[in-house]
Each structure stands twice: as structure tokens, then as C-alpha cells.
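Pasting the structures in now, so scroll down.
Across the two complexes that follow, chain A remains constant while its partner is chain B and subsequently chain C.
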Partner chain A sequence: MSTLLAQNPGRQREAKASRTRRLPIQGQQLALVVLIALLAAVFTTQSPEFLSVASIENLLRSASMFGIVGLGLTIVVISTGSIGGIDLSVGSMMALGGAIGAGLLGTAFGAANPVQLPAALSMLIALVVTAALGALSGLLISLLKLAPFAVTLGMMSVARGLTYLVIAWAIGSSNTAGVTFSDPLFDVFGLGMVGPIPTITVLFLVLAALIAFVLKATTFGRSLFVLGGNAENARLAGINVRRTIIIVFALSGLLAGLGGLILTGRLSSASPLAATGYELEVIMVAVIGGTSLAGGRGSILGTVLAAILVSEIDTGLDMMNVDSFYQYLVKGTILVVAVVLDKAYQARSSRKLVQQSA
Partner chain B sequence: MSSTAQLDRQVVEAPKRGLARLNIQLENIASGIVLVLLVIVLGAVSPAFLSFSNFLDIARVVAITGIIAVGMTLVIITGGIDLSVGSTVGLVGAVTASLVAGSVSDNALVSGVKLPVPLAVLVGLAVGALIGLINGLIITRTKIEPFMATLGTMIFVKGLLYLYTGGYPITFDPMPHGYAFLGQGAMFGVPTPVVFFAVAVAVLWWLSRRMSVGRAIYAIGGNPEAARLSGLKVDRTKVFVYTLLGLLAGLAGIILTSRQASADTVIGTGFELIAISGVVIGGTSLTGGRGSVIGSLIGVFIVGVIQNALNLFGASTQIQYVVTGLVLLLAISLDGIARRRRRT
Partner chain C sequence: MVASSTPQPLLRMEGITKSYGNVQVLHGVDLEVGRGEVLGLLGENGAGKSTLLNVLNGVIGREGGSVLIDGQPVEFAGPKQAQEAGLAFIHQELSVLPYLSVAENIFIGRLPRRKGMPWLVDWASCYRRAGEILERLGVRIDPRTMVGRLGTAEQELVEIAKALSMNARIITMDEPTASLTEAEIERLFTLMRQLKADGVSVLYVSHRLDEVGEICDRATILRDGKIVTTVDAKTTGSHALATMMVGRELSELFPKTEHERGPETLRVSDLSTPKLKNVSLTAHRGEILGLAGLVGSGRTELARAIFGADPITSGEIFVEGEKVTIDSPGAAIRHGIGLVPEDRKHQGAVLSMSNAQNISLACMSKVSRLGQLNRGAERQEARRLIQDLQVYPPRAEQETGRLSGGNQQKVVLAKWLFAGSKILIVDEPTRGVDVGARAAIHGLINDLAGQGATIIMISSDLPEVMGMSDRILVMHEGRVAGELARKDFSEEAIVMYASGLEPTTSGPEPAVAGLEPTREGSNA
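Right after this comes the complex of A and B.
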């Protein structure tokens, strides 16, 4: 990250001025790497299979899925944090994306299958729908200046309801069973490998690199940080605030839809209850990765590392046969600790600003 | 410097206060008219809707989430939010049910101690209040955004619920008469949950309109800095409203487990959404400082009437999900439009 800054002469001054501000972020990423290694050691001593190829592949697939959705949320929080930006609908959007992708295939076992579309087309439709719903959230938030969490809370139940409807339509009955199917393109998500690395992990890393590049090196990307720091400043600087907010929420919907397709591909089934509560995992990924809920600060590298950490905790606790109730407790605690650390950091940096101006 | 400017603005705005209060009344009237229109239209379409027993049914269903909604109203007026109420409903329901004589569960962790019904209820309410107190303390001490903090406690409390019940339902064999009365009984022909709801509305209305803590709640939501400078105990008031909401969510959980004659890990899931919808539809602004308990009373009835009508028309639960979400989106959009109009 620092080398990227050095190559960009226009930003060197800012980099120097904010060196003290940037160091802790690097520190946080370093802390994440150390934590990942430490936990790996602990889990391995508790259950040696943790370091097996199958377990690591499973971990990478899970991290890629949460990470891809987390990338979208990271962008939402970076760019709209100053107005309380958050997207609580990502879990339902994942379920909806998976339901549409699987439902339109028309190959479900023992179901009505009203239409039969090629897998690529049904996936595309799924992504268009989730992106459109995300854009609708963004439109309501920017046009009417509504609280993002309230809008996306409403969108969360709308998307969940649509998921039920799509699946009921696809299987031709309104019981809550899912759509179970088999499709070569969906199998790529669950089984595909590029060399020793799962295909979706490659997809995740490419997307992360692309988004990191856009955030760092394009006008649009920089404008997201300005907007997240202070919406009024952004407006005065000539940034089209409304359009930007719509774009970031649409992107979050799109990436959540993609995450849902991956989940569906891994399970070879789409359930109306899929991804329930995943919004919390995804928010954890963003927050633990160092994205400030206050907006204007965050890093894609942090999100990537946090996705690995969260999935490592999931996989490790599962392998140690820790009951899901304790997993709830562990995750709730980690989330609160991460937010408290972020608050402490904000308080310190604002004190520093006061000292500098005094 | 900036704080005096804020104070000045507060003074200049003072005459507008009366107007703002009038607006609240107007919003109450607006949501009231919506409710009356809904009842007239639905009554015309389906005669079954207008029966007295159906109205009692609506009131009984609405009472449980309504008790939460009136508490949520005060929290939202202070500019906060509480997403953990659904989990609190579940945990308090399970704890109370397990303490009542006659309750059975397959899980060893569930309390073997049995208490008389009033004591068990008191313990349950204390657990609810404690969760609310913790929410209030986290929010005031660490300055974490309320929705983030309560999202954390929501998972945490849900985890405690799983831990306590082990995932097994708690059932009764048989349920003591005193406990059954809370959710299934009636006083003078009115279902007990409805009586509890009416009392909660009356107390919270009195508290918010006739007591100094009520004025503090509105002042804090309107302008926290001005409220602090005028000597109001901002943090203490916030902790109070979260604790009160925790207590009320606990009460709702107790009534619900009595009514369903069981407690499990699913109970209360999604209640935060229904309660917040009711509050916002009732005209309480999510930005704080504006709203009313009576408005929320009307708001939860609007949600209840819509759900009841969907049931009568045979709509599936799937569609009810979509409708609830859409109604919430519509309500906050109207609130946003109203705010914009006032500003310009």
C-alpha cells in the first residue's frame, strides 16, 4: 500500500502528513496476520486435521464467499459511513441471488420448474435483480435522506420474502423446502480449482485487487473516501452524491448476489432460509478489517485478511466440535471488541487533530 | 463558540417548538386516518373482518409487539435504536418458563430450581432490564452507534438463549394456572395481554408527556449538546430508556411463552423489525426528537390490521414478509418526504 502511494507523486504530501494516521492501519493488518497465524497454531494443536488440504480448501472457499460480499459492504461503509451507511440486506440478498440463479435453471429435482434457462443467463438475471434492489435502497437513502440501516432493514425482509416467493414458484408448492439441483457451472463455485487454489478464491482476489485499484487510483474511488469523510464537503467538491450512493449500494447488492450464487453452488441447493444472519458475518469482516463505521477510512487488504480470519474461526470451532451457541458468543464478542477499538482509535485521532490545530 | 451558536439557535427555534408539537399531532391524525380508512375498506371487502372476535384477535396479536414498540418509541425519540429486543424476548421467555413449576426440557442446563409464578416473572423481568441496562451502558460509555452495539448484543443474547436451552424447547406439563393467565387469560372479557399493553401505553404516555424525564427524552433527541448544556442528565436518561425497553421486551417474552405454552430458540426472532415498523409508521422520526407513544399505538395497529387482513385473504407468510418490509420502507419514505417539506 505504501509503495503504491510513493509511486503516485500527487499523493506523497498527503501520505507524509498522515503518516502517523496510516501506521495504525498497517499495524491492524499486521495484527490480523499474527492473529490468523496464532489461531491456526491453536486449532492445529486441538485438531491436527485443521492443516489438511481439504480443511484449508474449505476455509478458502468460505473466506472467498464472505469476502466477496464483504468487499461490497466495505465500499458502502467507506463511502457512506458519515450518514450511518450500512447494508443489513446482504444476507437476504445472498439468499435471493441464489434462489433466482437456481430457480431459473429449471433442473431442480422433483419440482415444477416453470422455466428452463441456461445457467449463465439465470446467474446474470440473479445479479441484475440484486443489483437493482441495492440501487433502490441507494435511491431511497440518497433521495429522501433516510437512515441506511432502516432502509436496508426493510429491504432485508423484502428480499427474504421474494426469496420465499421465487423458490415456491420454482418448486411449485409453498412448503419451505429448497431447490436442490445439479449444474456444471454452479459446480465451479463448489468444486472448481485453478491449480491448487479454488476458483472462487481466484475470483475473490481478482475482485479485491480491482476494487483496491479503483479506490486508490481513480477519481471515482477517491471521491468515495471524500464522501465518507463528510457528505457536505463532497457535495461542495462537485461530487454527485446521489449518484455515488446509488452506485455503491447497487454494487453491494451485486456482490451479495454473487456471494449467494457461490453459496448455492457450494451446497447445490437454494433454501429460503439460506444465509440467515450472514449480514453479521459480513459486517464483522468489514469492521475487523479496519473499515471505520464512521466512514472515510478502510482498506481492501484488511477486508481480505478479515474474511480469512472469520472463516478460520468458523472452520476451527466447527472442527473442535464447539457448539454453535458458543460460536455465537465468540462472534458477538469479537464484533463488539472490534467496534470499541475503532471508537478508541477515532477518539485518539480527533484528539490529535485538536492538538495540531491548537 | 460553536456551542453558544447552538444554544442561540435553540433559543431562536424556541417559538417553533409549539409548531413542531402541532406537527406531531397532525401526524397522529394522519396515521389515525390511515387506520380508520384501512378498517372501513377491509370491512367492506370482508365482513368477517368487522366481527368483534376478530378485533379482539388483532388486539391480542398486536399487544405483544406493541408492548415492545412503545418502549422502542422512547429509545428512538432519544435518537437511538435497539435491535436486540427480539433476542431479549426469547431469552426472558425461556428463563421465566424454565423457572415456573411444571416446565420440562431435555436440556440439563435449564434451571432445576422452580419458583412461584410471581417470583419467576420478577426474575424474568430483571433479566430483560439487565440486558437493556447493558445496552444503555455500552452505548453511553463507549459511544458506539446504538444500532451497532445492539446488533452485537442481539447475537450475544441469542447465543445465551441457545446456551441456556441447548436448542431444546421448554414445554409445560401442566402449565400452572397463574402462568397461563398471563398470556391466555382475560380480565372482564379483555385478554390479559391487551390489558398489559393498555397499561404499558398509559404509563409510557404519562412518562413521556407529563414527567420531567419525558421532556429530557425529547430534548436529548432534538439536540443532545443543547440538552447537556442545559443541565440534563443525557447519559442517565439514555440508560433509563434502554433499561425500560429491555424490561418491556422481557414482559412481551413472558406473555408470549405463556400464550404459546412453550419457549424455544425461534421465539421473538424478527420482533425488532415489527416494533420499529410500528413506531415509524406511527410518525416517530428515526432521527430523534420527534414522535409519540400514541402514534406508535396507532402504528402497531396498522401493521396488525394489514397482517390480519392478509391472513383472512389467505395470503402466505412469504407475502406477509414482503408486505411488512414494503410498509416499513413506505413509512420511512413518507417520514423523509415530510422532513424535506418542512425544511424547504
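Right after this comes the complex of A and C.
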């Protein structure tokens, strides 16, 4: 039997394939690092201010905010990509989280302020609500087998509507300009520093490390990759698919809520129109970071780097006084390039599989 | 209309050869269909029927041989050319578009256009012409009906109407009656007789041998990619046909080891699902229970139902004498049941993950504490199993998708060894696996039974299932049609049961409980 096996003709090919296999993903992250450095050089030559402390701090705060929400989306796409998993509601969830967090404080200027809660409690409630709404999306997707695109598109609208309601209730008028306030705990998001690094960047990196650990080293994380590769496969391996999908969308809601609190803290204001269109920014972060929309593949390091890249483009082009329309153009182009690279990688690996099985 | 009564056959295939990779599937097949003849094409699963039909209809190319229509050699670059030459292929899985009307389905891709405005569809003419064709078939269906609202039989009639609308002269029907009821089959047969009268020829593939005598003029039997013989379908009985289909000695050697049959480990009683009807079975410690039957007879459905992959509508499952509730694969795994599924690439192994990750997949708790994986222990356990099972290349970190089919299958088996399954259901464990790995997998299954596992083995390969099993259940249309003890194994008996007949030529098996005559109507 061993001689038969030793004659396996595919063996050289297999060995070769395994050696080259991991390169593209690492290559993608390497490409991000190079791109970040390259853009930094370009921006600095165009506008030396780019390398100032204030500018870098601003860049990091922005990257941390999008990055934290992007972590949730990365998990959603890794684990449910095989069933078209996406969370379009993250932008509205950010707005809702911010509105609840600011609205319950009762310190808004010139407003009704029906309740006055400590900042920590109002933030907690904001996170619970956004996580619960995320879980509801997950429940609808897993229980009724609805398309994640449709469910989260609905949730995007629902959360936006709730944001209006919360703010109207907080300021006691349907003239929903927004809640402007001042709160020391919220100020930490916009001003707090740990040494030379913004507090929220530390928070972002800790969360990223934690999630990377969960994905790589826990049974739950493993089951997310299995589920994202093929839902039937996961089910036959005894994984509770329904529960996993609910948890994943709840996490996405929770992290979006946190991102919303950060946004609100940085602006000292919660607006019903806050974070409009941010879902696209966040999806971009996940995809540019190398997370495959087909599911089963993705990296937290990639998401972190992509969050930095996207914020770098925003900040740099802002400083060069480039019209924001061009920013859309640049980011869109990079997104499409990232997807093309991903497609090429997939085509290559499936071609290898075919050769292998032939 | 016997063998040589047609002077010039409408269709003639000569010396057709075809191979996939190193495996030759067709070894010089000759076949003739006369004008207005219904020719039955019979053979076991894997005999090469589908390949032959695909070659004929231009779906795949052939390597050697020629196809002649009306004595003229033809070459098809694709299915479209075959259609233009008057061939139509009605697949077992119907290819109708459910959300389009009957008329649209009939004329799809060549809807009649308005005169002078060729960018507009001439709906009036479309419905009128569809109506004419349906009328010619004696079918009363409104051409405006959405096809999805029709029954399976009517959908099939729409396919036939489509074939006729293209002036098809040779219609291939691959198991057209597989999902039809008795009355629907009669209707189809009436239609086929009418087609015959109109001079249309039919190449008819069916596993229901009783039907072959009823509708076919002649029957050609294919075995292992070669034509065995062509016989008069009217005078040759089902039993004789079955014998000719099987017709080979148990030539391949299987390392059957005898082991003691222990106490009952699994009992399934009156299990029903939409595809299964009151299936009961028992399996024992150290036993290999074979599950034979045709593709679609409910074997895979039974495996999935026991494993909790598909919901059951009624019935009970007992593991080691205790009634258990299996409502998910997770529950089955907890009760020590494992499933090596038929579709290895999509259900068995996660191809993008490493061997170690695949092996620990069904029982990650074994190498984790409080949800945290001990990846060192995981790799170590995986290496041990990879060595035991001789997976090549023997690397725990190797991506499973890069392995050959046989080695992937070993990884799937290793997964259940790791999970410590006591009852292992293997569905076509050696399909698409080369000879060497095949023997290794057979050896492994034997070893597992020898160590006290209960194995339920589904296989369409009769020598395999007979060589490996201690006992065989034969399924037919969602039921257990017969049970054979090892001493009574014969390919004829299995084929008979699988075709819904009772084996009468070989010694009748008195211990067949629960054998119900199926489809009595057409057994006449």
C-alpha cells in the first residue's frame, strides 16, 4: 500500500503548490504597506503638513473608527460570504449608536433632554441596542434564510429611522438638527491620548488583536471560516449555523454602535444624517484588506492596514484640497483593483484544484 | 421490429471511444436506432450510458468512431449543431425555465419575430404555433401557462414538445419516468407510441426493466463501456435483462475480513422523510451493512436523515438501545455517528483548510479548552492519524484541496476517527478514487469494523458492496425493497430488488421482511 501511495504522480505538483500557496495573501498585505508608504511620500511632497503630529493623529482617529466597524464587517463576510453575507446597516447603526449615546446623556444644548443618564450607561445602552438589532438581522437571515443583502438593507433603513426618532425625542422637537453636547467621557474618543497614540487607536488595536486571536485560535473562530467556506459543510461538521450567524451579525451591530459612539465623541454631536454612506467606506476597508466577499477567507491585519490606507487617502487628499469627488474616484479605483486581485487569486487556486483532481 | 429489419438505420454509431484522463469509459461502442424505433439503452450506474448519450448529442467530444444519420457521417461541435441535425436530448433533470410560459419554453432562443420588426416578438404566432405542437401531441396545456405551475410529467411533455418544434427525429430520453406517477407514465408511453407512428426514433434509458419490455422495441445492453448485446425487448424478460446488465463474475478481490457481529448499535424504525417511506433497519457492532440501490433510490437521503442533516417527518432512531433525538448533525456527532458524504468536495472536506483543521473539525472540543484551540495538540493528533491512514503527502499543514481524491477521502475518514465515531455512514466512499487508494480505504473500513465500529456503506458498485458487506439492504423508491444475508449475495438479486422486482430465479430469500411489491401496475 505504501508503495502505491509513494507513486502518487501528483506529489511534486502538490508540494510546489503548497509552497506558493500563502504568498498571495501576504503579498496583498505587503502591497498595502507599500501603498501606504508610497502615498505618504506623495502626500508629503505635495503638502509637508501631512507628516505633522496633528495630521497623523487625525488620520489614526479616523482609521480607528472605520477600522473598528470594519472588524465587525470582516467577521460577517468571512463567516457568511458563502451565503452572500454582507452588513449594509453598519452606517445607520453608527448613527443610531451615536444618537442613543448622546441622546440619553441629557446634556444637549437647548434641548428637552427627557432623561439624564451617566455617560457610561448611555453608551452601554447604545451598544446593547445596536447589538440587538444586529442579532435581529442575523435571526432573519438564518431562520428565514433571507438574503443578507436584503435584510441588512432593510435594517439600514430601520436604524436610520430610529436615529431620527431618538434625536427628535431627545431634543423634544421634530426639527431634527441634531444633538450637540459636551461630555468628558465622550471627549476621550476625540481627544484622549495614551502616550503619543490616540486612545481609540489603542482600543482599535486591542480589539483587532482580540478578534485575530479568536479567529485563529478558538473553536468559534475556526467555525466561522468553515461556515464562510460552505454553509452545508459547516452544518455537517456539527456547527450550529443558525447561532453562529446571529452572533456574527450581533457583533457587527455592536462594533458599528461603538464606531458610532466614537464618531459622536469626535464631533461632540449626534446628527440624524451622521455616518451616511459610511457602510461603503467600511465594506471598502474589509475588501481592500483582502477579505473575500465569497467568504471563508480574510485577515484582520489586512483590515487594519486597509483602514489606515483609506483614512490616509481621505486625509491626504483633504490636505491637498482635492475635491471630495476625486476622493471617491481614487478609493473606488483601489476597491475595484482589490477585487480584481482577489478574483485572480481565486481563479488561480481553483485552476490548481482542477489540475490536481484531473 | 427486430434487430436487422431496418435496411438503413436512422442513427448509427460505430466504434465510439471516449476516456476521461486515464480512464477509458467507452471502448468502441456500436449502436443502431431504426426509423420510428424505441431503443432501450440499459446498463448499471457507471456503465457509460451518460457518456454515450453526451457524445451522441454533441455535449462532449468523442475520441474515436463515427456517428451516421441516414447513412451520412455527422460531426457536432456542440449541442446546438446536434439539435440542428435533428437530435434532441431530454435529461433526467428537466431543463425547463419555471418562470416562463410553456410557449416561451418551447421556442426559447428562437421566438418567432414580427414581420418587418424583427426586434419584436410575435407573441400571437408564438402561442399559436406552441398550441399546434401541443395539440399534435394530444396534450391539453394552455401555452400561456407558466411552466413552474405544471406537474413534472407535464413539464416533460413540454420538453418533448420543444424537441418536436425543432423537428427532432431522434429523441434521447434519460430516465424520463424517474419522477412520474403510474398514470403519468402511461401518458408518456402513449405519446411515445404516437412519436413512433410519426417516424420519430427514441433512445430510451431507464433503470425500470419492466418498462423496457413495455415500450421498447429492442434493448441494447452496455456494460463497462462495451456493448454486451442487443436483444428483442418484447420477448426478453426483465430477469434476463438484469443478468445481462450485471453479467460479470466477482473478479475484483476485496479484503473481506470476518469479524464477530456484536450487539445492536443502531436501530432505525419507520423513518420517513419526503423521500423515504417507513424505512427500518438495524446495524450491529463490528458489522458492515451495505446499502445498495439505484442512484435516487433514497440511500443518500437515508444516510442524511440518520445523520440529522435532513429533517425527518416521522420515525425513531435508537443508538445502543436508547432512543435518541437527532435534529442536527451536531446531535448525531454527539451520539457517535459520523457521515462520509458522497460529495466529498463540498460536504466532506473543507478544501481551503489544512489537513489538521479538517481532521479536528467535527470534534474541536477534543483539542481545545474553554473554546481555545490547542493547535499544537491538534497538529500532533492530526499527524498521528495522517501517518496511520497513510495520507500522502503526510503533512498536517497541507491544504486538503491540494490532495488527490483518495487522500482527501482519507482525511475525511480521519476526521471521524478523531471524533471517535462508533457508527460511521460512508456514502460512495471510493467514487473518483484511484485503485491504490481504493484498496487502502477498503482496508481502513474493514479495520474500523474489526475494532468494533458499525459501518453503513452506500455503494453503487456492486462488486464493492458485495465484497465488503456482511449484510445488504437494497433500496428502491425510498423503501427498503429487500435484505440479503452474505450467503445469499448475488448481483442479480440486488439488481432485481433495486429495480422494484422480486428475485425469483435465484433462491428466494424467505427472511425478507418488509418487502413490499412496488409499482404493481406495470409489473404485468
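The definition used in the following text is that the second predicted complex is superposed on the first by the 339 of 358 C-alpha atoms of A that agree within 3 Å, B and C clash if a C-alpha of one lies under 4 Å from a C-alpha of the other, contacts with A are read in each partner's own complex, and residues count from 1 in each chain.
The definition used in the following text is that a residue touches a chain if its C-beta (ideal position, glycine included) is under 8 Å from a C-beta of that chain, and two chains touch if they have at least 3 such contacts.
Bear in mind the structure is a predicted one, so any value in this text is a computation, not a measurement.
By the touch criterion defined above, A:T218 lies against chain C but remains apart from chain B after alignment on the C-alpha atoms of chain A. Once chain A of one complex is fitted onto chain A of the other, the partner contacts of A:N240 are limited to chain C, with no touch recorded for chain B.
Contacts of A:L280 after superposition: chain B is touched, whereas chain C is not reached. Once the two complexes are laid over each other on the shared chain, residue contacts for A:F149 go to chain B alone; chain C is not touched. In the superposition on chain A, contact is made by A:G84 with chain B only, not with chain C. Shared contact residues of chain A, touching chain B in one structure and chain C in the other, are absent. Residues 1-2, 4-8, 10-11, 14-15, 17-18, 21, 217-220, 222-223, 225-226, 229-230, 232-233, 235-240, 296-297, 349, 352-353, 356-358 of chain A are the ones touching chain C in the complex. Those residues of chain A whose C-beta lies close enough to touch chain B in the complex are 84, 86, 140, 144-147, 149-151, 153-162, 164-165, 168, 174, 272, 277, 280, 283, 293, 323-329, 331-333, 335-336, 339-340, 343, 347. If you check the complex, the residues on chain B that touch chain A are 81, 138, 142-145, 147-149, 151-153, 155-156, 158-160, 162-163, 166-167, 270, 273, 276, 280, 286-287, 316-326, 328-329, 332-333, 335-337, 339-340. Interface of chain C with chain A (complex): residues 21, 307, 309, 328-330, 332-334, 339, 341, 346-348, 350-353, 357, 361-362, 364-365, 368, 371-373, 375, 390, 392-393, 395, 397-399, 401-405, 407, 432, 435-437, 439-440, 443.
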